[in-house]
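Each chain carries a letter (A, B, C, D, E, F and G) given by its place in the written order, and its residues are counted from 1.
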Amino acid sequence: MNSVILTAGTRYLAGLLLIFSLYMLLRGHNEPGGGFIGGLIGSTGFILFAIACGTEDARTALRVPPQTIAMIGLGIALIAGLISIFFADPFFTGQWFFLGSTETEKGLPISTVLIFDIGVYLVVFGSVLTLVFAMEEEI
Amino acid sequence: MESLLAIAIGVLVATSVYLMLARNVLRFIFGLVLISNAANLTLFVAGRLTAGIPPLIKKGEIAPVGPVANALPQALVLTAIVIGFGLFAFALVLMFRTYTTLGTLYSDEMRVAEPREDTVI
Amino acid sequence: MIDFVAALLIFLGGLFSLVAGIGILRMQDVFIRMHASTKVGTLASGLILAGVAIQFSEVIIFIKVILIILFLLLTAPIAAHMIGRAALHLGIRPWSASNQ
Amino acid sequence: MDVPNQAAEWKTNIVAGLFPVFLSALIFSWFLTFIPSVADGVSTRFGIDWIPSLGISLSFFIDGLSLTFALLISGIGTLVFLYSSSYIKNHHHFHRFLLYLFLFMLSMLGVVLADNLISLFVFWELTTITSYLLIGFSHETHKGRHSALQALLITGAGALAMLAGFILIGLTVNSFELSEIILEADTLRAHELYAPILLLILFGTFTKSAQFPFHFWLPNAMAAPTPVSSFLHSATMVKAGVYLMARLHPAFAGTDLWLWMLTIFGATTAVISSILAFRQTDLKLALAYTTLMALGTLTLFLGQESGYAMTAFATFLIVHSLYKAALFLVVGCVDNATGTRDANTLGGLAKAMPITAIVAALAAMSMAGFPPFLGFIGKELKYAGALGVASEPILVAGAVLVANSLMFAVAAIVAFRPFWVSSKTTYPKQPQEAPFAMLAGPIILASLGILFGIYPDIIEKTLVAPTVASLLGNIEQSKELKLWAGVNLPLILSICTVILGLALYLQHQKLRPALDGIFAKLPTFDQGWDKFLLKFKDFAAWQTRVQQSGNLHQYMFVVFFVVFASLATTTALKNAIFKPPDFSNVTWLGVGLVLLIIGAAIITTVTASRITAMATLGVLGIGVAIVFIGFSAPDVAITQLLVETLIVVLVAIALLRLPNLETEAGQRRPLDAILAISVGSIVTLILLSVLSLPLDRRVTDFFEQASWPEAFGRNIVNVILVDFRALDTFGEIAVIVIAALSAYALLRTTTPQSKK
Amino acid sequence: MNSLVVNLLFALSWVFFFGEFNALTLSSGFVLGYAVLWLLYPLTGGPSGYFLRVWYWIRLIGMFHYELVVSSISVFIDVITPKHRARPAIIEMPLSVKSDAGILLVTNLITLTPGTLSLDVSEDRKTLKIHAMFADNPEAVCAELKNGMERWVIDALER
Amino acid sequence: MAWILQIAVMISSLLIFVTVLLAFVRLILGPSLPDRVVALDMMTVAIVSVCGLAAVQSGDSAFLDVAVVLALVGFLATVALARFADKQILRGKNQEDKRG
Amino acid sequence: MSWYLAAPLAFPFLTAVLTFLIRSSKVGRWISLAGNVVLLVTALLLISQIYKEGILVTQMGNWGAPFGITIVADYLSSAMILITAITATAVSIYAIADIDSHKEHLGYHALFNVLIGGVIGAFLTGDLFNLYVWFEVMLISSFGLLILGGSKEQIDGGVKYVTLNLISTILFLTGIGLLYGIAGTLNLADLAVTVPNLENQGLVSVIAVLFMIAFGVKAALFPLFFWLPASYHTPAFSVSAIFAGLLTKVGVYALIRMFTLIFNGDLVFTHTILLWVAALTMITGVLGAAAQNDFRKILSFHIVSQIGYMIMGLALMTPLAITGAVFYLVHHIIVKANLFLVAGVARILTGFTDLEKIGGLYKSAPLLALLFLIPAFSLAGFPPLSGFWAKYILVAAALKINSWFIAMIALLVGLLTIYSMTKIWAEAFWKPHPSGLSPELSQINCKNQFLLLTPIALLAALTLIIGFIPQPFILFAETAAEQLLNPSLYIAAVLGNFS
């Protein structure tokens, strides 16, 4: 798509979408959002990129093949689910660690649940891009 | 409102069945989108409807105050939507590839895997 | 007072929205229809969102609303450009009064 | 192939060929050791549990009946193996042949020794399989394959019916052990299932023993090499059916059903097959039909309960095995030596093959029933038995007379004429005496015929009487075997047989064309079978074409029709809807929204423009998203919108290379429309019914209470997704990954074929 | 535009998303913004150095909203009145603005001003096709846009 | 919530709904692909307003998140469709799409 | 404790991820094999643990039933998992020779292992919606495997497979929605407690029928089986082997689970339907096989026919009948997968699967002939092979409760099965090759010969073992049936003190 306007706009929109997607991912546990939504939004950023500048550029920008991202995501989600077994809990039991907790505040939560959600994000992100890039390259 | 949506779901099902029964598999694809929506809505409605109270816990509370919408069907629908998307995407690509490989979108012209008797013998 | 302003904005937004809708239905060609949708439609959403922000009167909501409006302002013209360009390539001639 | 290699192969073949001879001889001698105890009326039972939970054991039982069979099987088996080691040693499948034949022998031994009905059935089917492989030994010819299949299907059908019978026996007497079933004979005969059980089992035995009208597979099975025919048709396979009837005789005999079934089928088979035998010119086929005659006769006797009949059965069983095996082997020698088995061409072979000629003559005289051969005793007993039948003795004796006379004639045709009547034919090969290994069997078997004829006591006390005891329960009813029983009705009938048989033999060249004329007009069962198979194939093809038509529209129509029909029927039958729907809380905006959704759906359906369809799908997605927004599901709404967007993006990409939709004009599909509306309506009805019931919310209640305190999340939907039901989500992302990979693979995969 | 500026903008938007302005959100936003820019640099080309002109930006934003409202009202009137007053035409306007951001901003603003709608920029980035509602005098329309919107944008971005 | 606000939201909802319907009609009528895309785009923007109204109605700002997403990604569908029209022309398959 | 259940579920996915990330095809195939061997070990551990302790349960995420997702394995599940692992291991050996590096590069191993993961998930889950998810995992990976190669046949078969299976998926989801709508729970054990106490039992029957149709499509029951013969003859042989062995069986498993545990309140209605469906499935399938003239098409139609037997067991619903169904399931997976593997070797040797174009294998490849005969005769129900006992138990079960009609059908279909299996034998093995070739196994290089024939031989050996020593297997199936017919065991194990 050799549209100057679209290319110029994409430059900002794609970045915004990526950042926004990460935001949606991280806050998802407490407000609407989460890995799915985050991953979908993130992928729309790159889809826009692919439409505006072509898949070749988009793939270059992504650096890693999207399939690989998706698979890594699946692996992360799986491992996040299995970690709990080492804590003698059934699998997929959330393990929570609070950074800098005080008496009144729990602190910053780091959890296997979050890691799981990151896996979900990567899967959705990678998979959607795999699909769209492959289709784009067919036409 | 549940009853009204039940009717809408019925219409969605009817239209999608009609589309799926078409010879052109592209219509099947459209039908698939419709019927997935119907199924998702069924699941959603089955959890009964609550207007205007999302299943979120306000800051400072430990549980929702008062009734909130049924969260479980929402989670299920969300899962179903995403799965439906995956299946849809594959089906779409399949029809695409079908056209580029077999040169037709008409299901009654797709007779490679199950050839007509008269053409084989 | 806040309620009143919010109500006004929301009402105006609805009204502008309706006008955009009518415009899109009854304007002569696709270009003119785009005039309706890009300008009036965006403004309508902006007004309603402004009403929402005023009604909530919270910083986060303000920020969110500003973001939404910004996104709309950024995307709407690009979208219009894409559509217009396609229309041009399709060879659609602008409507002109002399043709009627 | 080079010479030393061939020599080496020949040597291994000799060793391989003699190995089964040795083994079967060993088995035979082992069975011999049971003779004293069996003669004393002692039976032996041994076994192990196999499937105790189903009452199936691997148990064996040796009494007079089973020992007689076992000795015949292993004895004749030994000789047949000896014969084979020479006859077929150059065949490239020689080893396979020996293996099959040996397995066949073992299976046959299993059948006659098994005490447990299911074990018996297992061995029974093993004989079916091995005989299938043996009959199809010349598998490269169409006839070989055809005959093997025919035998397999007919005996297989019978076997399956028999299995049902066995299971029913097990259910009625609560045991599969024959030794116990016999004790429960009265219960069995009085049971309401007696008739079905009997008929099912007789179907199995009749097919296996080639009783009319299932007889036609047996002559076709002559496609097998001669040793196989000899073995299968003399002592083994085909007698399995007879054995089973004999085995069950104590439990089943004594009813009218039993009597008439066996008498009618036996007599019919005996007469028809002997006529058929008479008209054959192929020596092997002629013998095969006489086997049928023998089987018919044996069946006929098993219908009875008299001592004469049973003694006749036991004796004739042995006689027939001896001479039939010998004659088959002789025919094999002749075939081997001359390259033909045509009775009309063969002649004057006595000069070239004197030993064979003498052996043939000995066996034939036993078959024809000349004194002092065992065959004579057998025949006398047959007449005695026939005259002593419970009902219609004249008819039965007449049938036996006809059959015996024809058999006499056939014996002459097969074993006399080729050797002693001169012929001008020149043979493809110069006839020569067969090697010793091939002659040994016929010599021994034929000699036994005369030996037992002169000294009938040898077998009377050891085999015949114990067999009769197995059949009737006591040894006393066994009749004496003697060459001279004085001038009585059987002797007169014997004389008639000789006269009639001689006359038939002398006229056989003239009678044959006449018979052929008659038979040519009659449809044969063989052709009937072929026609039946053809019809069956046509039917199968037709029904498959109708169902698996290859037309996707039809498939989907059927599936949706099933959905509608079964749901509607069930709804109506089960009165599933009993509350009217509640429309009280409907809002105008809701109505509008639903109208938007319905409108979008309908336009998607009817539009001929794919662009419109794509856009209306987008509208539908938006409409559904508004539903989610309106009913408090922001996460779902966001997802729905994102997914709808992606769908539009993907479709927009795909459509670039796809053709336009057809215009809908002239393509109305009223039937599809009716079905579609029906399915939609039934879904709505069921859903309305579901929604009229209250919902149990305890699972959601738990989530609401646990979400923040236990799972540290305020967005309950997300907590369900990543914690409460994380496994769903895991599966779901697996779906997404694989969907992407699959689609990617689909787009990138290539085969030479698709590249074209 | 300076990459640093973009980066800061991204960091700020991250802070906005969180709605909490503190060191953690700002720094994490900065890092993220950097990462995103790094991802996107095949697209952005190289860095360019311009000062942020706060005043021009404010003027730009203000004018922009003003024009939006005015144009909406004019279309509003055209829509609700039965008579079509428009004399539309497509006119070509030469572009002075060079940068991607500038072109984007100019075209967006033109779209949002009364009676004009940018349709396409030529491949050589020198002409802009505009659909004008009241195009009795194309040169006048052109001049108005060049002295208005384009001037403001160049002031804000490229001077 | 103040009655005036309630009424404003109600009226505005109705107006936006009418807008959506009008846009829908345009979408069906076409006649060209750009016309349909404009209509769909218009509907998307209208839904942003709906989200705002839902937020006011429920007092829950969660719906604004939906609006943010919509403002950002709704644009993508428009772009994809517009590009579809554009590329179709290059491929000379525009007969149907011109007619609609 | 949790390990026993988590490991068989997790390993396939782990293997999938590893094989995909290490994209070198040479390493990937061995990882895949190793992963499946590990899976086999975990499956053995699971089954031995269940043998010791009875039904094993773990609550995913430590959220007690009925709130979270319960993972539960009883005798049936664990047997299915073991058989799955065995088949998967066998096929992954075979695949090393059968699957080319192009397919491997496109992710064959990942697709395959995720398929196995989905199958195992379906066997292990104690939650209805989770079952749906695993069905989808299975379905989508089967899509990918089916079309890998992209031939015209595959694409065409794929269209029918995909469309009809998608319909079934939607029906399943709708069924879940409706059932949740009346019962308010998704946990199978909890549903088993809740459903019988519902006010509107008529509605329960309707939903039961809906599930029957949804699973009926998956299981390829009459008249919903069209997708199977339309597609199973098209993909790579490893793929059709694993499909033939496992996929329809998951549908059967789901039917057995649902119609013993939850929909057991109206047996006269539901199970009578099942009985008729079973009879018609058996007959149409075997007639279809009789009408075919292609190695794989015959086998495909036989799958349909054989499914009928399993459903017959379920429909009769006596301990013996369920024993038969379970035994049949296990037997059939092994035998059917093996037959497809043999078909693959035959195809490599002769170049075709059309029976008119091949022949002579009995003479030139006797080992293959033997390896074909074992599963083929087992399928045909010849004693003492596994298929005989399977049929025997079912027929005995039918006769025991005087279901003469279905027993007769089962026996008749057995005969017709013999007919069409011997057709393959006569045409591919006995008949001389039409162009006089003698396709010998030595045409295949030594390594590939080993890789292709080892799994076939292993599965054949298993068939023989089950056939000759059936007692332990039947005992196992009996216990499985006992558990299935006593839902209270399952419910108590899952809900524990929650109930």
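Throughout what follows, contacts are C-beta pairs under 8 Å (C-beta built on N, C-alpha and C of every residue); 3 or more make two chains touch, one makes a residue touch a chain.
Source: prediction; values computed, not measured.
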Practice item. Any chance you could check whether C-E or A-B wins on number of contacting C-beta pairs? Key: C-E
Review point. What's the chain with its C-alpha centre farthest out from chain B?
Key: D
Practice item. Select the chain at the greatest separation from chain E, using centres from the mean of Cα atoms. Key: D
Check your understanding: If you average the Cα atoms of each chain, whose average lands nearest the overall Cα average?
Key -> G
Check your understanding: Distance from the CA centroid of chain B to that of chain G, rounded to the nearest Å?
Key -> 27
**Study point:** For chain A paired with chain C, centre-to-centre distance based on mean C-alpha positions, whole Å
**Key:** 31
Revision key, fill the gap. Shared-interface residues of chain F (touching two or more other chains) are 13-14, 20-21, 33, 37, 39, 54, 58, 62-63, 65-66, 68-69, 72-76, 79-80, 83, 86-87, 97
Review point. If you look at chain A, which of its residues touch at least two other chains?
Key: 3, 5-6, 9, 12-13, 16, 20, 30-33, 36-37, 41, 44, 47, 67, 71, 74, 78, 81, 92, 94, 124, 127, 131, 134-135, 138-139
Revision key, fill the gap. The positions of chain G in contact with two or more other chains are 13, 20, 60-61, 107, 110, 129, 133, 136, 140, 143-144, 147, 150, 152, 155, 159-160, 163, 167, 174, 178, 181, 229-230
Check your understanding: Every pair of chains that touch: which are they?
Key -> A-B, A-C, A-D, A-E, A-F, A-G, B-D, B-F, B-G, C-E, C-F, D-F, D-G
Revision key, fill the gap. Within the complex, chain A is touched by chain B residues 54, 56, 78, 82, 86, 89, 93, 96, 100
Point to revise | Parts of chain A lying in touch with chain C, wherever the complex brings them together | key: 3, 5-6, 9, 12-13, 16
Exercise for review: Within their complex, state which residues of chain A touch chain D.
Suggested key: 28-37, 40-41, 43-44, 47, 66-67, 70-71, 73-74, 77-78, 81, 92, 94, 96, 106, 109, 111, 113, 116-117, 119-120, 123-124, 126-128, 130-132, 134-139
Review point. Given the complex with chain D, which residues does chain B contribute to the contact?
Key: 1-27, 29-30, 33-34, 37-38, 40-42, 44-59, 61-64, 68-72, 74-79, 81-90, 92-97, 99-101, 105, 107-108, 110-111, 113-117
**Study point:** Contact footprint of chain E on chain C as seen in their complex
**Key:** 16, 19-20, 22-23, 26-29, 31-32, 34-36, 38-40, 42-43, 59-60, 63-64, 66-67, 73-74, 76-78, 80-81, 84-85, 87-88, 94-97
